[in-house]
Amino acid sequence: MIRRREARRGGLGALAAVLLVLPFVLPNTYYLNVAILAGLNAIACIGLNLLIGYAGQISLGHAAFFGIGAYVSAILTAGQGWPPVLALLAALVLNGALAFAVARPILRLRGHYLAMATLGLGIIVAIVLAQEVRLTGGPDGMPVPPLVLLGWSPPGEAAWYGIVAVLLWIAAWLSLNLARSPIGRALAALNASEIAAATAGVDVARHKSLVFVLSALYASLAGSLFAHYAGFITPAKAGFLQSVELVTMVVLGGMASTFGAVVGAAILTALPQIFATFHEYETIALGAILMGIMIFLPRGLVPSLARLAGRR
Amino acid sequence: MLETFLQFLFSGITAGAIYALVALGFTLIYNASHVINFAQGEFVMIGGMATVFLADAGWPIWAAAPLAVLLAVAVGVALERLAIAPAREASTVSLIVITIGASILLRGLAQLVWDRNFHTLAPFSGEEPIRVLGASILPQSLWVLGGSLLAVLALGWFFGRTLLGKAVIATAHNRLAAELMGIETRHVMTLCFALSALLGALGGVLITPITLTSYDAGVMLGLKGFSAAILGGMGSATGAVVGGLLLGVVEAMGAGFLSSAYKDAIAFVLILVVLVAVPRGLMGARGAERV
Amino acid sequence: MSLLEVQSLSKTFGGVAAVAEVSFELEAGHVHSVIGPNGAGKTTLFNLIAGAVRPSGGKVRLDGADITGLAPHVLAERGIGRSFQTPQIFAAMSVAENVMVGRHLRLDRRLLPSLLGMPAVDRANRAARERAQLLLDQVGLGQEADRPAGGLAYGAMKRLEIARALAGDPRLLLLDEPAAGLNPTETAEITALIQAIAAAGVTVVLVEHDMRLVMAVSDHIIVLDSGRKLADGTAAAIRADPAVIAAYLGQAQ
Amino acid sequence: MLGLKNFLAASALLAAGALAFAGAAVAQAPIKLGAVLATQGGPSFLGDPEAKVLKLYVDKMNAEGGIAGRKIELVLYETNGAAADAATFAKRLIAQDNVDFIIGGSTTGETMAMVPEIERAGVPFVSLGGASVIVEPVKKWVFKVPQTDRAAVEKVYIDMKQRAAKKVGLLAGSGGFDKSCTDNARALAKTHGLTVAADETHGAQDTDMTPQWTKIKNAGVDAVLYCGFGASSVVVTKNYAQLGLKIPFYHNHGSASTRWIQGSGAAAEGVRLPAEPVLVARQLPDRDPQKAAGVAFGDAYKAKYNEEPSTFAGYAYDALLLMADAIKRAGGTDKAKVRDALETTKGLVGATGIFTMTAADHSGVDVKSFRMVEVKNGAWRVLY
Amino acid sequence: MTAALLEVAGLGAQYGRVVALHDATLAVAAGELVALVGGNGAGKTTLLRTISGVRPASAGSIRFEGRDITRLAPARRVGLGIVQVPEGRQVFAPLSVEDNLRLGAYARGRERSAEGLARAYRMFPALRQKRDLPAGSLSGGQQQMLAIARGLMAEPRLLLLDEPSMGLAPLLIAEIFAAIADLKRAGATILLVEQNATQALKIADRAYVLETGRVVLEGSGATLAQNERVKAAYLGM
């Protein structure tokens, strides 16, 4: 236990170091922009990893929470003139309530049936966002006013990077804390055997709901921030492909690993940028890399590489 | 009123038969390996696109279609041998990501080898719609329906009557015991991917005259096929067909009587309601599933 | 008064009665055994009592309070712990963490302190870890505490399950075939362990085929056959019961 | 979870990634043209021909000595229509590639996502997106080629009125292009004396639209406008024929491609749509100033790619023309000067129309540049 | 002990980096019933699986009728007549009893299957009554009968039985051992792995004791049953 906490501190310290050094290494605002997007995805993925990695409950509709976060922020600030922070909180409340409401019936399902149910939920949300043109601007999207914090608005990429980096670090810290608390242990237990966890006194339904809501909140936060940062959002951000991408980030980085979620998000955000100049080979390369990593490192990048490093 | 209802029904059955064909492919692979193959839609795409391009190159349809199906089967076998078999110990989610990667890869290859346009194929028996009580249905829809029916019967015969079919079920249920019976489980898996690709590609050939095809036609078909398979209950061939037809009919009725803008949402709400009521789909096995 | 009271408990699966109208009472502080041929409904009976399966009919009372159909975690809170026929351990966790999960109910489970990693959580973890070590020492796994549980031998997993169940401070402990797959030496260890647990005041119920173990530890034996109660009594009475011999024990005994 | 070790692994990966895309940076070139086009996914029917035209004509212009003696270097990024990706690529073009001019955003969504960055950085920008929001209100650096989709709807409504229609039915896909078209159709109906009696939608890649048609038919409409594109536009047409409908049927310019006619076969006969002149260049009267350029463009495209150019191919061609014209008149690539030159474009004959921009109008073409065409014997016939 | 049917020499096997079997050497002659006893994790099941070929051997050799089969695919070994009835029954629950049996004859072909079925039903009449029911609906004892009958369908020349009495009621254990004794009398060659060492040694011609992946003792069943070490460790005396 003691050895483990030090490792966690070391990991958080290293994350802080990388986040601090990164802006000085990146040559221009475009790279900062990619780093910001990766950071926002990483926040959503840390939340999703709580659900998929720790609790073992798959969600193929998680982009819906990201999308709702983005749109609630957009609609309340652009349409209703709410202060962005208040809108962001409102999005959290709404997403939390929605996740709480659907969690119990849906999380009774297992495996592929759960995947289907979450996928359906995500698609329904995406359809509503695309169809309610008057509210959301429809498939072409809607503009979002800039973020304002106590009268201050982040003026550019550097300021945004700072905000995202701090929130990302906090998100990772919270996730690591939770993982080693009795709640985290209970999640891992119900992941391994629901009946054994229940027999040991774990309220399985409650814990699943809890982690589902929590992961929705992470996605909501990332979505709201994304909306303000990008200044423009479309329903595609809530869509099925986006959900699949989030899951892929978590799995690629390594399940049940908070740092894995961060790495997965960073890689899958950067890969399309790396391949953007290969044009018609871009999708081929992306598909091949996904397959290759999962075939040769089935536990995901970070756990597999850590294991290799540990063997030396 | 009857005419309108019938027209909705025909529309639903046309779409439903297509979903059912794709769902059957999911079922087949799931039964052998408990893998959900998210590249299933790509088999349909390959079947359609390869036929189109062979036909454009001057091949007669009766030669182009089997060749296209053969190509899809080769892809299916390659997918199993190169990606699924080496990752046998991987978790369900990892396997999902592998098949998603495969579908991205295949789409990328398709747009490189072929193109990014949509393509059509001449219907097998003309375009003159068949009229029934004022409603109309295309002859090609009957081909699709017939194809689904034939596929179900063939699968029913294969799993119910042949020793090889039983060997597939045995492998899916208990790989170790199957191996100890002298069943070559590796070949069984490959066979199932081949059959599934065959089924998908056959579907692709049959539906292209109705739906057209393009390099990314597999995405939506795969999604709908997966939904149909889950709705019917994963692993049941009858369930796949019932799920497919039900999904198609609900979409058509939803579009016709409620709102065409929300018809997909209506269909997914139905799936959610069904799953909450019957957590393993309409005809799913009641046994325990390890995931 | 008896600790557990089972009244015409029944469970049918798809029309087939797995447990039919079974009634009995368990006296507190005693060791009870449920025996019977395979498929007699012993495990289903356990699942009904521990809440893993909802009964089709009948009542279960714990200390006079109706607990029929309550969820397993609620029953755990009321003091029912159990082990499983095939060990259901948390393979990816360490042996000690498995036992700490068993302590879940007695720990600080509030979300906010957990998220913030407050000292209270650390304290709870430390206390749970110490308690786990104690229990592991008791079941003979003290040396294995930091190993991954998935790497344990079968017999050790069985003992780990017992330690995990004990971590919840149960009043009633249900053990499903604790000696299955164990060799005689290990069986002897388990026998002693069960006796020690009972001596500490925990009421124990076991399903077991190993008659040597059953006869050695049981104050009271219930015999099931085809879902029904065939007999019910002391070890000596059961051993001599002709119906039990014919249906289950055979002449060899 | 072995925190530190995990993290070291993670950092190594990140560093490797950063290096890899730093290496992909492009060397300096005379005139740097940036483009973001949706060549993948649903809107690839827009971006694919647009990308083909850019590649074809940048090579062509370079072979002919470039613009004012300077070669053009094309930096093209491809999207699947995702707005977020387009925004990132806009940043990349500006901050990383230091481009002089940007063409793109095949869709309205992409364009709008790129706009904030382009306005902030100040780069002359010509969009290929259709919706009027792109240039209304006018944004300093943002121009666009296509007639607004409102103009297309107006063209259709004028024709419907001539055929004495009163009740109109709408059928549309669910993408941005389709939605924007139907929104305009709803908004404009009243001013053209029409009422919308049926308003139906189909999903992307739907396989059968007969329920929607049945509802439209039951609504007793006099004419139908379809807003959509791609494979769906063929299925919709075939379903129309399947049900034996005789209602005057209009597509929008999303269907203005020979691929659509070929796909629809006999079902397309009699369908009308508003099209850019380039589509029917050969049928234009010789005195039409757009004829010569249109024919030459069509021939060049066909020679290279072995297919007829669609309406959307013409957009990219016009965007290049606008750029070349502005750079020539600005006497270089000074961004502010090029922008001012763009705003003073006058009488530039393109494939889409004849462009005349002003400070109040960053679109430069209007409804008059559309031609109403009808499918006759499997080919376009210009009505007027 | 001449002309051994099965000769295992210096066999090793490992799971990942955990060595489960060291240098195991044993032999089974035609018509012999050889028991393999040992504690949990001693490597008994691993040994059987390596002989069947479903686990790879990391060292040593396996010879069957003098022929080296160490690298042969499992299906080919079944074809040679090496048939294993796995631990924990492992019947194909969703398939009918008769389909289970027919799959037992998978390597033998259709025509041999019919007479095999008749023989199986003669031996275990209870199975005939339940021939059309899913195997999963059988009781534990009946499933064990089915597992053995399914193994016999392959016409084994060497039958590997892994823990046939595990988890069975005392009455059924007696029945199972009686059935094994019957098989031996009928001339079958059997390698039996059993937790229940008392019973196993009673019916075995010879036996090996396996500890932590090594063969530590070898002898006739009766001799080993008298061995003090065996008595203490495996017979509970």
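Order of writing sets the chain letters: A, B, C, D and E. Residues in each chain are counted from 1.
Heads up, the rule we're going with is that a residue touches a chain if its C-beta (ideal position, glycine included) is under 8 Å from a C-beta of that chain, and two chains touch if they have at least 3 such contacts.
The model shown is predicted, which means the values in this text are computed figures rather than measured ones.
Colleague: Would you identify the chain whose Cα-based centre sits farthest away from the centre of chain A?
Modeller: The chain lying farthest from chain A is E.
Colleague: Could you tell me which pair, B-E or A-C, is linked by more C-beta pairs in contact?
Modeller: Answer to which pair has more contacts is A-C.
Colleague: How far is the middle of chain B from the middle of chain C, if each middle is the mean of its Cα atoms, in Å?
Modeller: 46
Colleague: Provide the C-alpha centroid distance between chain C and chain D, rounded to the nearest whole angstrom.
Modeller: Measuring from centre to centre gives 70 Å for this pair.
Colleague: Which integer distance in Å separates the CA centroid of chain A from that of chain D?
Modeller: That gives a centre separation of 34 Å.
Colleague: Can you work out the whole-Å distance between the CA centroids of chain B and chain D?
Modeller: Each chain reduced to its C-alpha mean, chain B and chain D end up 34 Å apart.
Colleague: Spell out, as numbers or ranges, the residues of chain B touching 2 or more other chains.
Modeller: Chain B, residues with two or more chain partners: 111, 261, 264.
Colleague: Chain E: which residues touch two or more other chains?
Modeller: Correct list: empty.
Colleague: Could you run through all the chain pairs that touch each other?
Modeller: Every pair of chains in contact is listed here: A-B, A-C, A-D, B-D, B-E, C-E.
Colleague: Name, in rising order, each residue of chain A that touches chain D in their complex.
Modeller: Going by the criterion above, the answer is residues 4, 7-12, 14-15, 18, 25-31, 33-34, 37, 127, 130-131, 133, 138-141, 143, 176, 179, 226, 230-234, 236-237, 253-254, 256-260, 262-263, 266-267, 270-274, 276-277, 279, 282-283, 301-303, 305-306, 309-310.
Colleague: If you look only at chain B, which of its residues touch chain D in the complex?
Modeller: 4, 7-8, 10-12, 14-15, 18, 111, 116-120, 127, 129, 136-138, 207, 210-214, 216-217, 219-221, 252-253, 255-256, 259-261, 263-264
Colleague: Give every residue of chain E touching chain B within the complex, in rising order.
Modeller: These residues of chain E touch chain B: 52, 54, 73-75, 78-79, 83-86, 90-95, 99, 102-104, 106-107, 110, 136, 150, 154.
Colleague: Can you tell me which positions in chain C touch chain E when the two form their complex?
Modeller: 36-39, 85, 151, 153-155, 177, 180-188, 209, 211-212, 247-250, 252-253
Colleague: Inside the complex, what are the residues of chain D that reach chain A?
Modeller: 1-11, 13-14, 17-18, 20-22, 24, 26, 40, 76-78, 81-85, 87-89, 91-92, 94-96, 107-109, 112-113, 115-116, 131, 133, 174-176, 178-180, 183, 201
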